[in-house]
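First chain written, first letter: the chains are A, B, C and D, and each begins at residue 1.
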(Lines give C-alpha, C1' and ligand atoms only; values in the text may rest on other atoms or scores of the structure.)
Protein backbone atom coordinates (compact mmCIF):
# COMPACT_ATOMS: atom_id res chain seq x y z
CA UNK A 1 0.00 0.00 0.00
CA UNK A 2 1.17 3.49 -0.75
CA UNK A 3 2.31 5.82 2.03
CA UNK A 4 -0.51 7.89 3.59
CA UNK A 5 -0.75 10.81 5.97
CA UNK A 6 -3.81 12.36 7.54
CA UNK A 7 -4.22 16.10 7.71
CA UNK A 8 -7.13 17.94 9.28
CA UNK A 9 -8.03 21.21 7.56
CA UNK A 10 -7.41 23.94 10.12
CA UNK A 11 -8.54 27.53 10.48
CA UNK A 12 -5.11 28.81 9.40
CA UNK A 13 -5.37 26.96 6.06
CA UNK A 14 -8.57 28.75 5.00
CA UNK A 15 -9.19 31.98 3.15
CA UNK A 16 -12.00 34.58 3.23
CA UNK A 17 -14.08 32.27 0.99
CA UNK A 18 -13.89 29.67 3.78
CA UNK A 19 -11.89 27.18 1.69
CA UNK A 20 -8.26 26.11 1.72
CA UNK A 21 -5.98 28.77 0.24
CA UNK A 22 -4.02 26.71 -2.28
CA UNK A 23 -0.47 27.71 -1.18
CA UNK A 24 -1.40 26.00 2.12
CA UNK A 25 -1.90 22.76 0.15
CA UNK A 26 1.72 23.01 -0.96
CA UNK A 27 2.73 23.36 2.69
CA UNK A 28 0.71 20.19 3.45
CA UNK A 29 2.42 18.40 0.54
CA UNK A 30 5.80 19.38 1.93
CA UNK A 31 4.85 18.21 5.43
CA UNK A 32 3.70 14.88 3.97
CA UNK A 33 6.97 14.42 2.08
CA UNK A 34 8.87 15.22 5.27
CA UNK A 35 6.96 12.41 7.05
CA UNK A 36 7.55 10.12 4.10
CA UNK A 37 11.33 10.56 4.13
CA UNK A 38 11.37 10.21 7.90
CA UNK A 39 9.06 7.20 8.27
CA UNK A 40 9.19 5.31 4.97
CA UNK A 41 12.70 6.07 3.73
CA UNK A 42 14.46 6.27 7.09
CA UNK A 43 16.11 9.55 6.20
CA UNK A 44 14.88 12.13 8.71
CA UNK A 45 14.74 15.41 6.90
CA UNK A 46 16.26 17.40 9.74
CA UNK A 47 19.39 15.23 9.73
CA UNK A 48 19.48 15.19 5.95
CA UNK A 49 19.34 18.98 5.72
CA UNK A 50 22.64 19.38 7.53
CA UNK A 51 24.58 18.29 4.47
CA UNK A 52 22.07 17.27 1.83
CA UNK A 53 18.53 17.99 0.80
CA UNK A 54 15.69 17.13 -1.53
CA UNK A 55 14.49 20.36 -3.14
CA UNK A 56 11.48 20.32 -5.44
CA UNK A 57 12.41 20.91 -9.08
CA UNK A 58 8.90 20.83 -10.52
CA UNK A 59 5.38 20.54 -9.17
CA UNK A 60 1.91 20.70 -10.65
CA UNK A 61 -1.49 20.44 -9.05
CA UNK A 62 -5.12 20.25 -10.08
CA UNK A 63 -7.65 21.39 -7.49
CA UNK A 64 -10.77 19.35 -8.11
CA UNK A 65 -13.05 20.28 -5.18
CA UNK A 66 -12.71 22.77 -2.32
CA UNK A 67 -11.84 21.73 1.26
CA UNK A 68 -13.23 23.41 4.36
CA UNK A 69 -12.15 23.71 7.99
CA UNK A 70 -12.67 20.46 9.86
CA UNK A 71 -12.32 18.25 6.76
CA UNK A 72 -10.08 15.25 7.32
CA UNK A 73 -7.80 14.84 4.32
CA UNK A 74 -6.13 11.55 3.50
CA UNK A 75 -3.02 12.27 1.47
CA UNK A 76 -1.65 9.30 -0.44
CA UNK A 77 1.85 9.38 -1.87
CA UNK A 78 2.93 7.23 -4.78
CA UNK A 79 6.51 7.04 -5.99
CA UNK A 80 6.35 6.84 -9.78
CA UNK A 81 9.97 6.95 -10.86
CA UNK A 82 13.32 6.67 -9.11
CA UNK A 83 16.14 8.21 -11.12
CA UNK A 84 19.85 8.46 -10.45
CA UNK A 85 19.43 11.55 -8.30
CA UNK A 86 15.72 12.41 -8.57
CA UNK A 87 12.30 10.91 -8.04
CA UNK A 88 8.79 11.58 -9.33
CA UNK A 89 5.73 11.24 -7.15
CA UNK A 90 1.98 11.68 -7.29
CA UNK A 91 0.08 12.88 -4.27
CA UNK A 92 -3.70 12.66 -4.12
CA UNK A 93 -5.74 14.16 -1.28
CA UNK A 94 -9.28 13.05 -0.56
CA UNK A 95 -11.90 13.70 2.09
CA UNK A 96 -15.27 12.02 2.46
CA UNK A 97 -14.49 9.90 -0.60
CA UNK A 98 -14.00 12.93 -2.85
CA UNK A 99 -10.72 13.89 -4.52
CA UNK A 100 -9.75 17.40 -3.46
CA UNK A 101 -6.47 17.77 -5.33
CA UNK A 102 -3.86 15.77 -7.15
CA UNK A 103 -0.25 16.87 -7.38
CA UNK A 104 2.73 15.57 -9.28
CA UNK A 105 6.25 16.54 -8.37
CA UNK A 106 9.91 15.91 -8.99
CA UNK A 107 12.41 16.08 -6.15
CA UNK A 108 16.17 16.08 -6.55
CA UNK A 109 18.77 14.82 -4.10
CA UNK A 110 21.44 17.49 -3.65
CA UNK A 111 24.61 17.81 -1.61
CA UNK A 112 25.39 20.67 0.79
CA UNK A 113 26.41 22.86 -2.16
CA UNK A 114 23.00 22.37 -3.77
CA UNK A 115 24.37 20.17 -6.59
CA UNK A 116 22.40 17.10 -7.66
CA UNK A 117 24.02 13.92 -6.42
CA UNK A 118 23.15 10.21 -6.77
CA UNK A 119 20.81 8.85 -4.07
CA UNK A 120 22.75 6.93 -1.40
CA UNK A 121 22.18 3.20 -2.03
CA UNK A 122 20.09 2.74 1.10
CA UNK A 123 17.73 5.58 0.16
CA UNK A 124 17.45 4.42 -3.43
CA UNK A 125 16.55 0.89 -2.27
CA UNK A 126 13.82 2.24 0.00
CA UNK A 127 12.46 4.57 -2.71
CA UNK A 128 12.41 1.64 -5.14
CA UNK A 129 10.51 -0.40 -2.54
CA UNK A 130 7.94 2.40 -2.22
CA UNK A 131 7.64 2.55 -5.99
CA UNK A 132 6.73 -1.15 -6.05
CA UNK A 133 4.23 -0.74 -3.20
CA UNK A 134 2.51 2.00 -5.15
CA UNK A 135 2.39 0.08 -8.42
CA UNK B 1 4.33 45.10 -22.25
CA UNK B 2 3.20 42.38 -19.93
CA UNK B 3 2.18 43.19 -16.36
CA UNK B 4 5.05 43.13 -13.85
CA UNK B 5 5.42 43.23 -10.11
CA UNK B 6 8.53 43.49 -8.00
CA UNK B 7 9.01 41.34 -4.95
CA UNK B 8 11.99 41.41 -2.64
CA UNK B 9 12.87 38.05 -1.12
CA UNK B 10 12.38 38.42 2.62
CA UNK B 11 13.57 36.50 5.66
CA UNK B 12 10.15 34.90 6.11
CA UNK B 13 10.28 33.40 2.59
CA UNK B 14 13.45 31.41 3.29
CA UNK B 15 14.06 27.95 4.70
CA UNK B 16 16.91 26.39 6.72
CA UNK B 17 18.88 25.99 3.47
CA UNK B 18 18.73 29.81 3.12
CA UNK B 19 16.66 29.69 -0.07
CA UNK B 20 13.01 30.43 -0.79
CA UNK B 21 10.71 27.66 0.48
CA UNK B 22 8.65 26.96 -2.62
CA UNK B 23 5.16 27.26 -1.05
CA UNK B 24 6.14 30.91 -0.43
CA UNK B 25 6.56 31.34 -4.21
CA UNK B 26 2.92 30.34 -4.57
CA UNK B 27 2.01 33.04 -2.05
CA UNK B 28 4.01 35.53 -4.16
CA UNK B 29 2.19 34.34 -7.29
CA UNK B 30 -1.13 34.89 -5.58
CA UNK B 31 -0.10 38.37 -4.40
CA UNK B 32 0.96 39.22 -7.97
CA UNK B 33 -2.38 38.05 -9.39
CA UNK B 34 -4.16 40.12 -6.75
CA UNK B 35 -2.24 43.22 -7.95
CA UNK B 36 -2.95 42.27 -11.55
CA UNK B 37 -6.73 42.10 -11.07
CA UNK B 38 -6.66 45.30 -9.05
CA UNK B 39 -4.39 47.40 -11.27
CA UNK B 40 -4.63 45.94 -14.78
CA UNK B 41 -8.16 44.54 -14.83
CA UNK B 42 -9.84 47.10 -12.59
CA UNK B 43 -11.46 44.42 -10.47
CA UNK B 44 -10.11 44.81 -6.93
CA UNK B 45 -9.97 41.36 -5.44
CA UNK B 46 -11.39 42.44 -2.09
CA UNK B 47 -14.55 43.79 -3.73
CA UNK B 48 -14.75 40.84 -6.08
CA UNK B 49 -14.57 38.37 -3.21
CA UNK B 50 -17.81 39.61 -1.71
CA UNK B 51 -19.85 37.86 -4.36
CA UNK B 52 -17.43 36.34 -6.84
CA UNK B 53 -13.93 35.02 -7.01
CA UNK B 54 -11.16 33.67 -9.19
CA UNK B 55 -9.95 30.40 -7.66
CA UNK B 56 -7.02 28.58 -9.18
CA UNK B 57 -8.04 25.33 -10.89
CA UNK B 58 -4.57 24.20 -11.93
CA UNK B 59 -1.04 25.38 -11.46
CA UNK B 60 2.40 24.07 -12.31
CA UNK B 61 5.85 25.44 -11.64
CA UNK B 62 9.45 24.71 -12.52
CA UNK B 63 12.06 26.03 -10.12
CA UNK B 64 15.12 26.72 -12.20
CA UNK B 65 17.49 28.44 -9.75
CA UNK B 66 17.28 29.19 -6.03
CA UNK B 67 16.52 32.66 -4.64
CA UNK B 68 18.00 34.08 -1.47
CA UNK B 69 17.05 36.78 1.01
CA UNK B 70 17.59 40.24 -0.46
CA UNK B 71 17.13 39.14 -4.07
CA UNK B 72 14.85 41.45 -6.06
CA UNK B 73 12.47 39.37 -8.14
CA UNK B 74 10.72 40.73 -11.18
CA UNK B 75 7.56 38.75 -11.76
CA UNK B 76 6.10 39.06 -15.23
CA UNK B 77 2.55 37.93 -15.92
CA UNK B 78 1.36 36.94 -19.38
CA UNK B 79 -2.25 36.15 -20.16
CA UNK B 80 -2.18 33.27 -22.65
CA UNK B 81 -5.86 32.40 -23.11
CA UNK B 82 -9.15 34.01 -22.16
CA UNK B 83 -12.01 31.52 -22.06
CA UNK B 84 -15.69 31.95 -21.37
CA UNK B 85 -15.15 31.77 -17.61
CA UNK B 86 -11.46 30.98 -17.22
CA UNK B 87 -8.04 32.25 -18.17
CA UNK B 88 -4.56 30.78 -18.54
CA UNK B 89 -1.44 32.65 -17.57
CA UNK B 90 2.31 32.23 -17.43
CA UNK B 91 4.31 33.87 -14.68
CA UNK B 92 8.08 34.06 -14.87
CA UNK B 93 10.23 35.36 -12.02
CA UNK B 94 13.78 36.56 -12.56
CA UNK B 95 16.47 38.22 -10.51
CA UNK B 96 19.84 39.49 -11.70
CA UNK B 97 18.94 38.38 -15.22
CA UNK B 98 18.43 34.75 -14.20
CA UNK B 99 15.11 32.89 -14.34
CA UNK B 100 14.22 31.61 -10.89
CA UNK B 101 10.90 29.95 -11.64
CA UNK B 102 8.21 29.76 -14.26
CA UNK B 103 4.61 28.96 -13.41
CA UNK B 104 1.56 28.31 -15.52
CA UNK B 105 -1.92 28.47 -14.10
CA UNK B 106 -5.61 28.43 -14.87
CA UNK B 107 -8.03 30.62 -12.92
CA UNK B 108 -11.79 30.35 -13.07
CA UNK B 109 -14.34 33.09 -12.50
CA UNK B 110 -16.97 31.86 -10.04
CA UNK B 111 -20.07 33.33 -8.45
CA UNK B 112 -20.75 33.51 -4.70
CA UNK B 113 -21.83 29.84 -4.74
CA UNK B 114 -18.47 28.81 -6.19
CA UNK B 115 -19.95 27.93 -9.61
CA UNK B 116 -18.04 28.91 -12.74
CA UNK B 117 -19.67 31.87 -14.48
CA UNK B 118 -18.86 33.84 -17.65
CA UNK B 119 -16.47 36.76 -17.15
CA UNK B 120 -18.34 40.08 -16.99
CA UNK B 121 -17.85 41.85 -20.36
CA UNK B 122 -15.67 44.59 -18.88
CA UNK B 123 -13.31 42.09 -17.26
CA UNK B 124 -13.14 39.96 -20.38
CA UNK B 125 -12.24 42.98 -22.49
CA UNK B 126 -9.45 43.93 -20.11
CA UNK B 127 -8.14 40.35 -19.95
CA UNK B 128 -8.19 40.22 -23.76
CA UNK B 129 -6.24 43.48 -23.85
CA UNK B 130 -3.63 41.99 -21.50
CA UNK B 131 -3.42 38.91 -23.69
CA UNK B 132 -2.58 41.11 -26.69
CA UNK B 133 0.02 43.06 -24.69
CA UNK B 134 1.72 39.82 -23.78
CA UNK B 135 1.73 38.39 -27.30
CA UNK C 1 -4.28 17.85 34.19
CA UNK C 2 -4.13 20.74 31.77
CA UNK C 3 -4.87 20.26 28.08
CA UNK C 4 -1.84 19.28 25.98
CA UNK C 5 -1.05 18.97 22.31
CA UNK C 6 2.06 17.62 20.64
CA UNK C 7 3.63 19.42 17.73
CA UNK C 8 6.68 18.30 15.81
CA UNK C 9 8.85 21.12 14.50
CA UNK C 10 8.75 20.85 10.72
CA UNK C 11 10.91 22.20 7.91
CA UNK C 12 8.31 24.84 7.04
CA UNK C 13 8.49 26.30 10.58
CA UNK C 14 12.20 27.07 10.37
CA UNK C 15 14.15 30.07 9.13
CA UNK C 16 17.59 30.53 7.54
CA UNK C 17 19.14 30.31 11.01
CA UNK C 18 17.65 26.79 11.27
CA UNK C 19 15.35 27.69 14.16
CA UNK C 20 11.59 28.24 14.37
CA UNK C 21 10.56 31.58 12.87
CA UNK C 22 8.47 33.02 15.69
CA UNK C 23 5.32 33.88 13.67
CA UNK C 24 5.10 30.09 13.11
CA UNK C 25 4.85 29.66 16.89
CA UNK C 26 1.73 31.83 16.80
CA UNK C 27 0.30 29.53 14.11
CA UNK C 28 1.05 26.56 16.41
CA UNK C 29 -0.66 28.37 19.31
CA UNK C 30 -3.72 28.95 17.15
CA UNK C 31 -3.77 25.29 16.04
CA UNK C 32 -3.55 24.20 19.70
CA UNK C 33 -6.44 26.48 20.69
CA UNK C 34 -8.47 25.07 17.80
CA UNK C 35 -7.88 21.53 19.17
CA UNK C 36 -8.70 22.75 22.67
CA UNK C 37 -12.09 24.19 21.69
CA UNK C 38 -12.85 21.10 19.63
CA UNK C 39 -11.74 18.42 22.08
CA UNK C 40 -11.94 19.95 25.55
CA UNK C 41 -14.75 22.47 25.17
CA UNK C 42 -16.89 20.56 22.66
CA UNK C 43 -17.20 23.59 20.41
CA UNK C 44 -15.63 22.69 17.05
CA UNK C 45 -14.14 25.84 15.70
CA UNK C 46 -15.39 25.25 12.18
CA UNK C 47 -19.01 25.09 13.34
CA UNK C 48 -18.48 27.99 15.69
CA UNK C 49 -17.08 30.20 12.94
CA UNK C 50 -20.32 30.09 10.99
CA UNK C 51 -21.97 32.47 13.40
CA UNK C 52 -19.54 33.14 16.19
CA UNK C 53 -15.84 33.19 16.87
CA UNK C 54 -13.11 33.59 19.44
CA UNK C 55 -10.68 36.22 18.14
CA UNK C 56 -7.52 36.97 20.09
CA UNK C 57 -7.61 40.40 21.73
CA UNK C 58 -4.13 40.32 23.25
CA UNK C 59 -1.18 38.00 23.21
CA UNK C 60 2.36 38.08 24.54
CA UNK C 61 5.18 35.60 24.29
CA UNK C 62 8.68 35.11 25.67
CA UNK C 63 10.99 32.93 23.59
CA UNK C 64 13.34 31.27 26.05
CA UNK C 65 15.27 28.79 23.88
CA UNK C 66 15.32 28.07 20.15
CA UNK C 67 13.59 25.03 18.59
CA UNK C 68 14.94 23.11 15.63
CA UNK C 69 13.45 20.83 12.96
CA UNK C 70 12.58 17.43 14.41
CA UNK C 71 12.03 18.72 17.96
CA UNK C 72 8.87 17.36 19.57
CA UNK C 73 7.09 20.19 21.37
CA UNK C 74 4.60 19.55 24.14
CA UNK C 75 2.27 22.52 24.34
CA UNK C 76 0.34 22.80 27.58
CA UNK C 77 -2.67 25.08 27.82
CA UNK C 78 -3.91 26.48 31.11
CA UNK C 79 -7.11 28.48 31.42
CA UNK C 80 -6.41 31.23 33.95
CA UNK C 81 -9.58 33.29 33.96
CA UNK C 82 -13.07 32.88 32.55
CA UNK C 83 -14.86 36.19 32.15
CA UNK C 84 -18.36 37.02 30.97
CA UNK C 85 -17.29 36.92 27.31
CA UNK C 86 -13.53 36.40 27.41
CA UNK C 87 -10.90 34.06 28.79
CA UNK C 88 -7.22 34.27 29.64
CA UNK C 89 -4.82 31.42 29.05
CA UNK C 90 -1.17 30.55 29.40
CA UNK C 91 0.50 28.26 26.92
CA UNK C 92 3.92 26.81 27.59
CA UNK C 93 5.86 24.80 25.02
CA UNK C 94 8.68 22.48 26.00
CA UNK C 95 10.90 19.94 24.27
CA UNK C 96 13.45 17.63 25.88
CA UNK C 97 12.53 19.08 29.28
CA UNK C 98 13.41 22.64 28.27
CA UNK C 99 10.94 25.53 28.04
CA UNK C 100 11.00 26.95 24.51
CA UNK C 101 8.36 29.66 24.86
CA UNK C 102 5.59 30.80 27.11
CA UNK C 103 2.63 32.75 25.81
CA UNK C 104 -0.29 34.47 27.51
CA UNK C 105 -3.40 35.45 25.65
CA UNK C 106 -6.91 36.76 25.92
CA UNK C 107 -9.65 35.48 23.62
CA UNK C 108 -13.10 37.02 23.28
CA UNK C 109 -16.32 35.29 22.32
CA UNK C 110 -18.01 37.28 19.54
CA UNK C 111 -21.18 36.92 17.53
CA UNK C 112 -21.38 36.91 13.72
CA UNK C 113 -21.14 40.71 13.70
CA UNK C 114 -17.87 40.58 15.62
CA UNK C 115 -19.40 41.98 18.84
CA UNK C 116 -18.36 40.47 22.18
CA UNK C 117 -21.12 38.29 23.61
CA UNK C 118 -21.45 36.23 26.81
CA UNK C 119 -20.16 32.66 26.55
CA UNK C 120 -23.01 30.17 26.07
CA UNK C 121 -23.60 28.41 29.44
CA UNK C 122 -22.30 25.07 28.20
CA UNK C 123 -19.04 26.58 26.96
CA UNK C 124 -18.55 28.62 30.12
CA UNK C 125 -19.05 25.49 32.26
CA UNK C 126 -16.44 23.60 30.25
CA UNK C 127 -13.98 26.52 30.34
CA UNK C 128 -14.48 26.75 34.12
CA UNK C 129 -13.80 23.03 34.40
CA UNK C 130 -10.56 23.48 32.45
CA UNK C 131 -9.60 26.36 34.72
CA UNK C 132 -9.95 24.08 37.73
CA UNK C 133 -7.96 21.31 36.06
CA UNK C 134 -5.14 23.76 35.44
CA UNK C 135 -5.13 25.18 38.97
CA UNK D 1 9.89 61.24 12.57
CA UNK D 2 9.70 57.57 13.38
CA UNK D 3 10.32 54.95 10.71
CA UNK D 4 7.23 53.92 8.75
CA UNK D 5 6.30 51.21 6.29
CA UNK D 6 3.14 50.74 4.30
CA UNK D 7 1.52 47.36 4.00
CA UNK D 8 -1.61 46.57 2.04
CA UNK D 9 -3.78 43.85 3.55
CA UNK D 10 -3.80 41.02 1.02
CA UNK D 11 -6.02 37.99 0.44
CA UNK D 12 -3.42 35.66 1.94
CA UNK D 13 -3.46 37.58 5.24
CA UNK D 14 -7.18 37.00 5.83
CA UNK D 15 -9.10 34.21 7.52
CA UNK D 16 -12.57 32.72 7.02
CA UNK D 17 -14.04 35.63 9.01
CA UNK D 18 -12.60 37.96 6.33
CA UNK D 19 -10.19 39.66 8.71
CA UNK D 20 -6.42 39.45 9.18
CA UNK D 21 -5.39 36.19 10.89
CA UNK D 22 -3.19 37.54 13.68
CA UNK D 23 -0.09 35.36 13.04
CA UNK D 24 0.07 37.21 9.70
CA UNK D 25 0.42 40.48 11.64
CA UNK D 26 3.57 39.04 13.21
CA UNK D 27 4.88 38.29 9.72
CA UNK D 28 4.16 41.93 8.78
CA UNK D 29 5.97 43.10 11.93
CA UNK D 30 8.99 41.01 10.98
CA UNK D 31 8.95 42.35 7.41
CA UNK D 32 8.82 45.91 8.78
CA UNK D 33 11.78 45.27 11.10
CA UNK D 34 13.69 43.81 8.16
CA UNK D 35 13.09 47.05 6.22
CA UNK D 36 14.03 49.07 9.28
CA UNK D 37 17.41 47.38 9.71
CA UNK D 38 18.05 47.63 5.99
CA UNK D 39 16.97 51.23 5.38
CA UNK D 40 17.29 53.04 8.71
CA UNK D 41 20.15 51.16 10.40
CA UNK D 42 22.17 50.31 7.29
CA UNK D 43 22.48 46.66 8.29
CA UNK D 44 20.77 44.59 5.59
CA UNK D 45 19.29 41.58 7.32
CA UNK D 46 20.43 39.16 4.64
CA UNK D 47 24.07 40.16 5.11
CA UNK D 48 23.68 40.25 8.86
CA UNK D 49 22.23 36.73 8.96
CA UNK D 50 25.40 35.21 7.61
CA UNK D 51 27.17 35.62 10.91
CA UNK D 52 24.83 37.48 13.23
CA UNK D 53 21.16 38.03 13.79
CA UNK D 54 18.50 39.87 15.75
CA UNK D 55 16.09 37.27 17.12
CA UNK D 56 13.00 38.39 19.01
CA UNK D 57 13.18 37.60 22.72
CA UNK D 58 9.75 38.90 23.69
CA UNK D 59 6.76 40.33 21.91
CA UNK D 60 3.27 41.38 22.90
CA UNK D 61 0.40 42.75 20.87
CA UNK D 62 -3.06 44.18 21.42
CA UNK D 63 -5.45 43.90 18.48
CA UNK D 64 -7.76 46.87 18.75
CA UNK D 65 -9.80 46.70 15.53
CA UNK D 66 -9.96 44.18 12.69
CA UNK D 67 -8.34 44.78 9.28
CA UNK D 68 -9.79 43.61 5.99
CA UNK D 69 -8.42 42.87 2.52
CA UNK D 70 -7.55 46.07 0.68
CA UNK D 71 -6.90 48.10 3.85
CA UNK D 72 -3.72 50.16 3.66
CA UNK D 73 -1.85 49.84 6.94
CA UNK D 74 0.73 52.37 8.05
CA UNK D 75 3.11 50.70 10.44
CA UNK D 76 5.15 53.06 12.58
CA UNK D 77 8.19 51.84 14.44
CA UNK D 78 9.56 53.57 17.53
CA UNK D 79 12.79 52.56 19.19
CA UNK D 80 12.22 52.91 22.94
CA UNK D 81 15.41 51.60 24.48
CA UNK D 82 18.84 50.68 23.18
CA UNK D 83 20.69 48.30 25.49
CA UNK D 84 24.15 46.82 25.32
CA UNK D 85 22.98 43.99 23.04
CA UNK D 86 19.21 44.46 22.83
CA UNK D 87 16.60 47.02 21.89
CA UNK D 88 12.94 47.60 22.70
CA UNK D 89 10.48 48.91 20.16
CA UNK D 90 6.83 49.78 19.78
CA UNK D 91 5.05 49.22 16.51
CA UNK D 92 1.61 50.69 15.89
CA UNK D 93 -0.42 49.90 12.77
CA UNK D 94 -3.25 52.13 11.61
CA UNK D 95 -5.55 52.34 8.62
CA UNK D 96 -8.08 55.05 7.85
CA UNK D 97 -7.04 56.86 11.04
CA UNK D 98 -7.90 53.91 13.27
CA UNK D 99 -5.39 51.93 15.34
CA UNK D 100 -5.53 48.27 14.32
CA UNK D 101 -2.85 46.86 16.59
CA UNK D 102 0.01 47.89 18.78
CA UNK D 103 2.96 45.64 19.46
CA UNK D 104 5.95 45.90 21.77
CA UNK D 105 9.01 43.76 21.31
CA UNK D 106 12.57 43.15 22.41
CA UNK D 107 15.20 42.07 19.92
CA UNK D 108 18.65 40.82 20.81
CA UNK D 109 21.83 41.06 18.76
CA UNK D 110 23.48 37.63 18.59
CA UNK D 111 26.59 36.20 16.97
CA UNK D 112 26.65 33.20 14.63
CA UNK D 113 26.48 30.85 17.63
CA UNK D 114 23.25 32.49 18.79
CA UNK D 115 24.90 34.16 21.82
CA UNK D 116 23.95 37.75 22.70
CA UNK D 117 26.71 40.16 21.74
CA UNK D 118 27.12 43.95 22.06
CA UNK D 119 25.76 45.95 19.12
CA UNK D 120 28.54 47.06 16.77
CA UNK D 121 29.20 50.78 17.41
CA UNK D 122 27.81 51.85 14.04
CA UNK D 123 24.55 50.01 14.61
CA UNK D 124 24.19 51.27 18.14
CA UNK D 125 24.69 54.86 16.97
CA UNK D 126 22.00 54.45 14.32
CA UNK D 127 19.59 52.80 16.77
CA UNK D 128 20.21 55.63 19.24
CA UNK D 129 19.47 58.15 16.47
CA UNK D 130 16.18 56.36 15.75
CA UNK D 131 15.34 56.41 19.44
CA UNK D 132 15.74 60.19 19.45
CA UNK D 133 13.66 60.59 16.30
CA UNK D 134 10.87 58.64 17.95
CA UNK D 135 10.95 60.56 21.23
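Heads up, the rule we're going with is that a residue touches a chain if its C-beta (ideal position, glycine included) is under 8 Å from a C-beta of that chain, and two chains touch if they have at least 3 such contacts.
This structure is a prediction, so every number in the text was calculated from the model and none was measured.
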Checklist outcome for this item: Computed over C-alpha atoms, the centroid farthest from that of chain B is that of chain C
Checklist entry - Of the pairs given as A-B, A-C or B-D, which one copies C-D, with over half of its contacts the same by residue number? => result A-B
Item to check | Separation of chain B from chain D, taking each centre as the mean of its C-alpha atoms, in whole Å | outcome: 28
Checklist entry - Counting in whole Å, what is the centre-to-centre distance of chain A and chain D, each centre being its mean C-alpha position? => result 34
Checklist entry - Using CA atom averages as chain centres, what separation in Å is found between chain A and chain B? => result 24
Checklist outcome for this item: chain A residues touching 2+ other chains are 11-12, 16, 21, 23, 27, 30, 49, 69
Next on the checklist: List the residues on chain B that touch chain A in their complex, please.
Outcome noted: 16-17, 19, 21-24, 26-27, 30, 49, 53, 55-63, 66, 114
Checklist entry - In their shared complex, at which residues does chain C touch chain B? => result 11-12, 14-16, 18, 21, 23, 69
Checklist entry - Any idea which chain B residues touch chain D in the complex? => result 10-12, 27, 30-31, 34, 44-47, 49, 68-70
